[in-house]
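To start, the structure under review is shown below, and the notes come after it.
Lettered A, B, C and D in written order, each chain numbered from 1.
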Amino acid sequence: MLSFRDPIHGFIRADPLEQALIDSRPLQRLRFIRQLGLANLVFPGAEHSRFSHVLGAMDLAGRVYDRLARASDGLLPVGEDALERRLIRAAALLHDVGHAPFSHSAEDLFEGGIDHEEMTRRILRTDEVRDLFAAHGDGLTVERVIHILEGGKGNDPRHRLLGQVISGELDVDKMDYLMRDNLYCGVRYGNFDLERLLDTMLPLQDPETGDWGIGVHEGGVHALEALVLARYYMFTQVYFNATGKVLELHLNAWLRETGRRWSDQPERFLTEDDISVTAEMRASDSVHARALTRRERFTVAYESREHMTEEEKARFEAVLPTIEERFGPLGLLISHSAKDPHRLGTSRVLVRRTDGTLEPMEEASHFIRHLTRIDRYRVYTPRQHKEEAGTAIVGWLQGALGWRAP
Amino acid sequence: MLSFRDPIHGFIRADPLEQALIDSRPLQRLRFIRQLGLANLVFPGAEHSRFSHVLGAMDLAGRVYDRLARASDGLLPVGEDALERRLIRAAALLHDVGHAPFSHSAEDLFEGGIDHEEMTRRILRTDEVRDLFAAHGDGLTVERVIHILEGGKGNDPRHRLLGQVISGELDVDKMDYLMRDNLYCGVRYGNFDLERLLDTMLPLQDPETGDWGIGVHEGGVHALEALVLARYYMFTQVYFNATGKVLELHLNAWLRETGRRWSDQPERFLTEDDISVTAEMRASDSVHARALTRRERFTVAYESREHMTEEEKARFEAVLPTIEERFGPLGLLISHSAKDPHRLGTSRVLVRRTDGTLEPMEEASHFIRHLTRIDRYRVYTPRQHKEEAGTAIVGWLQGALGWRAP
Amino acid sequence: MLSFRDPIHGFIRADPLEQALIDSRPLQRLRFIRQLGLANLVFPGAEHSRFSHVLGAMDLAGRVYDRLARASDGLLPVGEDALERRLIRAAALLHDVGHAPFSHSAEDLFEGGIDHEEMTRRILRTDEVRDLFAAHGDGLTVERVIHILEGGKGNDPRHRLLGQVISGELDVDKMDYLMRDNLYCGVRYGNFDLERLLDTMLPLQDPETGDWGIGVHEGGVHALEALVLARYYMFTQVYFNATGKVLELHLNAWLRETGRRWSDQPERFLTEDDISVTAEMRASDSVHARALTRRERFTVAYESREHMTEEEKARFEAVLPTIEERFGPLGLLISHSAKDPHRLGTSRVLVRRTDGTLEPMEEASHFIRHLTRIDRYRVYTPRQHKEEAGTAIVGWLQGALGWRAP
Amino acid sequence: MLSFRDPIHGFIRADPLEQALIDSRPLQRLRFIRQLGLANLVFPGAEHSRFSHVLGAMDLAGRVYDRLARASDGLLPVGEDALERRLIRAAALLHDVGHAPFSHSAEDLFEGGIDHEEMTRRILRTDEVRDLFAAHGDGLTVERVIHILEGGKGNDPRHRLLGQVISGELDVDKMDYLMRDNLYCGVRYGNFDLERLLDTMLPLQDPETGDWGIGVHEGGVHALEALVLARYYMFTQVYFNATGKVLELHLNAWLRETGRRWSDQPERFLTEDDISVTAEMRASDSVHARALTRRERFTVAYESREHMTEEEKARFEAVLPTIEERFGPLGLLISHSAKDPHRLGTSRVLVRRTDGTLEPMEEASHFIRHLTRIDRYRVYTPRQHKEEAGTAIVGWLQGALGWRAP
């Protein structure tokens, strides 16, 4: 059995199907797509690719599965060879193959209005991937994997549960990227108690919807809180970093001005990665390409508070056209970073109290309930206009009716 | 003052000169040259570049300097702003700018017979770098940095000492790469006790040569041994890994068959990095390019012991022409991995015993004295010839006069 | 200079005064007082003493001082030998010498109504300690240390600032114990980003009171939040652990039934530590002594939510006399764990925004503002009465007017 | 199932038998016996007890078992509930219950010439322990555990193999104490690659003796070397630390002068631990007791090299009577620290090469073959005689025939 060393998880092992998938073009391509897009320009250590992330997610999927199966009273079969376990590991391994170059940095540029999830499905349905499942799948098929990646909805309650292992409040994607990004960036925000969390996870059936999902027992509430917090901090401190954001804006601006799109055809799509795009960017003399290749990036002229109130937001958006009219011609980029601290309103995470009663995590944790949505605007201009633009924007905001200092 | 987060050293700070150098093209280019060449194909986490390594080396250079200065009885001035301290940090930051794509993997391909050290000097002497020193150097010059990078030989004993901070048995290059490669590869071989080592370092004058060098006091012998060992293990387990070696051989074979050379002119040289070479390699249909881009690499048909005796080596080399004649036409790559466990014969590392006497580390450490040179041959062939070649080679080796099982 | 290895801080160094103090009886006694009292009975690794904690606090005090001095615009002198630096390190080293056996577990039993802070002062004023300052103090005196330990109030604004290094929202006591308890307990709750916090600390003058205190600049708000959170989690998960609490209750019950008090005379007080008390406890046949020495402790019959509302608290307290009347004779222990998540209402921690304005951390951090006070009752009985008592208590609580399920 | 947090191994779980044993007097007593005796007086963090060590050893025993069973081709049954797995975990948990106060520091003082292994057997055969096995053993008996602790010799080859899990070159005792002592001491010497080692372990049958033992496959040789080295470094740097050694000598001297012995009767033996002995020592006015309780210890007047040659040793031993005659009356303690770097000559550790051949680790590892035996004398005297004694001893050694500087 093939095994890999990993800075986060130690040894990661792969069975024959996994090994064949890892060797395939769609997975190998992920070696050339950085997990955090351009963030290594801000956090030099963050040079890791999606490839190591998906290996880590696969490894975690097995561990989460084992815990859930053991606590599932027969709902899920226990054992390394269980079909469901192999299924969830394959899904975790493959869940990111549709990512565009630079990961999330420029993911809106697919042809035909598709998104990276749709591209993932298209890649999985190519002959190349189907053939690997046919040869090594031993009961697993591409369509079963796609069903899980789509959330596992349908008649089998186990599939809904497995769907949440890949995408939910407590999914292996998030668990791996938090730990991994934390390590590679050299920060300390993304820590949570993985062992404790794994130890307290449970499959729970939501009495309101009848759906099965991943919950925790009462003793795991603080571990769950810590996961939610780790994500929140990584967003505020790393993913929404002011410099990182402007780099993304430059990238998108350059891609748009060159009319660049990500093909919606797997064959052509798979030829694109950070390397192909970077090689092209270097040949460009666009101000946005140079911002990235020669570090001539715009700088922050104004930024709102991290958690704008509705009023602050309305005021900024009222002033926005004036900003664009005045500074657009001189060079202007606007970022809007917004993120809910957890997945409000989608499938609920339930907590099972010692007496057997269930409550949503927002009730069990006063603390999760009060986390605030991140909502922040930033205005970037060329360095020489920074002062002028900053002063003007503050003036316009103050001029608006009923203003008080933010 | 600019500061960076680093997975190894925490915060790394840069003064105005350092900051300007970091933003320059030669340093930024190092973001696109992987520290371990192709090793990430074996250790997926090892995606780190020379860029983060040189930041780390710079940081360590300051720490080593502070220790040496404090223990130097006035030989070196103490203090953050000391010219010598700024000099050694600049040298550490710049010491790798001449590296070819893929670091050491293909470093023999410079035009005009130069090596990467000479290219480093040429890059430092470009107007771009000179201008930065002129603007921010505050007493530092490119030529002083080059003098240190060349070993600091000459009349000033302090320069010889500083030269060893960059390149010697106890240099910051090695300290950083061991810790960094260890972390990113996800292994545990490269550990040593940095704090203890820093705490026991001393400037010592070699009574035989009169040269100043970095030594340790008696209490640091074991920390020094651990550093030597960490290097030894990283070579046997990571740098000379069987798969990593064949990838290097394929890379070199492809570069040679395409007549590729690294320019000896800085301007043109600086346009080459892992990205430019990878983009080109993808367009090639050569068996060696495909080995790298499509994972169709040769496999080990035969490998010698890790520490061949002279006799084993002679026997292998006697059989080598036969191997090449028979399997060359089918595809054949031969690796010879050789490394002394420490820098025998060059400048000695001295240990100062409690009673003030000095002895070379090989005498103070029975253990260092007995480390064996790594010396190993490996023969790689296309997978389908592996068995046949393996059997044949063992047969030929046995057939040679006086053979006994290795 | 003496130096120690420490699992948290690496090498810790001591100057001659510190070395003499460390060798003195009051400090050596701390080797025999566990940092977390009886917590090692729950978290087996938590066997560390106050001794290593005060070494760690001393080390951190130097680091915090260096940062504050450098950012203080001359308010505090920079340099290793600055009197104020030596003062704050000595204060950190000595701040815990008045702790009773088992640290906080039984700290209410001092004779004469004094507390452990008063005992600390009395010990510092003994001839033994005064003599060490006279011999090695080089300008430092016991009274200056006591002044800092009392908060540094008075005319010199620097002393108020130094006082907060020892006891305040951002003090070295807390920083060390969080990291240390976290490591030794084997948990992951007490992490915070020490480097980032140190990097963003500032001396700030409160415009309302004119007092100097430790604040952070805007970029450190999240590091500050993480410290507040780490403390919060260590309280909920470790310090207020249900089993740990009952062990404390047994200890106190046994001490009270034997009429044990901690002497208010330093000479006699210093002869008491965990060893002297444990030796005595083993000879006792009291149910409470046996609970500790033979693991026959009471178990939880009822516990309230972690954050009782005022109404829940009032209801429980209304029922409490009934509980005591009914179960007191069978064996009953009640714990009340209450803690504010940060020091509301005492000296404010200010955040300096980029534009120079100041705001209290509760305003800068929505998140700190919303942390809830921990307030929880637990009722313990002998194991055989657990069921009966639990059922009865729930019944009584439900019987109270206007009840609804907690 | 009971579970514990552990700084080394994360969560450690215990089944009902293990839980009952952990709660028993012999195991709880280990909470009061420090793993490293008096070493915390030198390494302040080293306050950990044998109790956490045996929990860790138990946990590792399960992991080693799982690896061996899976690689054993049916020799050992796979699965959490396998009798052999439960047996080896129980043996690891119980292997240290016979330790005297201060662990190895004073282990020669048993009455009746027994050693701590014999005391372990006697304690296991008490009714208290037998009853726990009877109640919860589910097939396990005290005698089976003792058989394993004695090496598992006899007809069943599996028992010989299991015996080595507890005591052999690759035993769980050593693996746990190296990692644990390393962490608590705050040093970095005891690292080895546990994951890699576990991954390469194999049950191998020695062709010479027919015995089964724990070996490694070729890929694990370096991990094995690292374990051997970690042990070697912990001996030279921690366990044989000069100050630690004199503390042990004082302890033994005091115990001998008071006629103290460890009872050979389990009942009485179990009442003794670090606390009972420390309480007694404090009441003593002996110079040796005061050395420990008031830090008035002797200091090093002379120490030999770490690896004496036979000649150096003979010379020292020739001079020893003179030393004792002259300085004995003034106060004199002599330590002799000797340790082979690995278990030469006892059961061999075999390495299985890729081609299936076996060789002893000393042949597979040039490096292990050349490790030197630690053999060092130290002479301690009261501080005021240090200079005089040191000079005299060096003089006497020089005076001996054929001397040359060591």
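In this text, contacts are C-beta pairs under 8 Å (C-beta built on N, C-alpha and C of every residue); 3 or more make two chains touch, one makes a residue touch a chain.
These figures come from a predicted structure and were not determined experimentally.
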| item | value |
| --- | --- |
| Maximum centroid distance from subunit D, chain identifier (CA atoms) | A |
| Subunit A and subunit B, separation of their C-alpha mean positions in angstrom | 36 |
| Interchain centroid distance [CA atoms averaged], subunit A/subunit D, Å | 48 |
| Sequence positions of subunit C contacting 2 or more other chains | 10, 187, 195-196 |
| Category of the chain touch graph - line, ring, star, complete, other | complete |
| Touching residues (chain side subunit C, partner subunit D) in the complex | 4-8, 10, 23, 25, 28, 31-32, 40-41, 43-45, 47-49, 51-52, 55, 183-187, 275-276, 278-279, 294-295 |
| Subunit C-touching residues of subunit A, taken from the complex the two chains share | 187-189, 191-193, 195-196, 222, 226, 229, 233, 236-237, 307, 366-367, 370-372, 405 |
| Complex contacts: residues of subunit A adjacent to subunit D | 3, 10-11, 195-196, 199 |
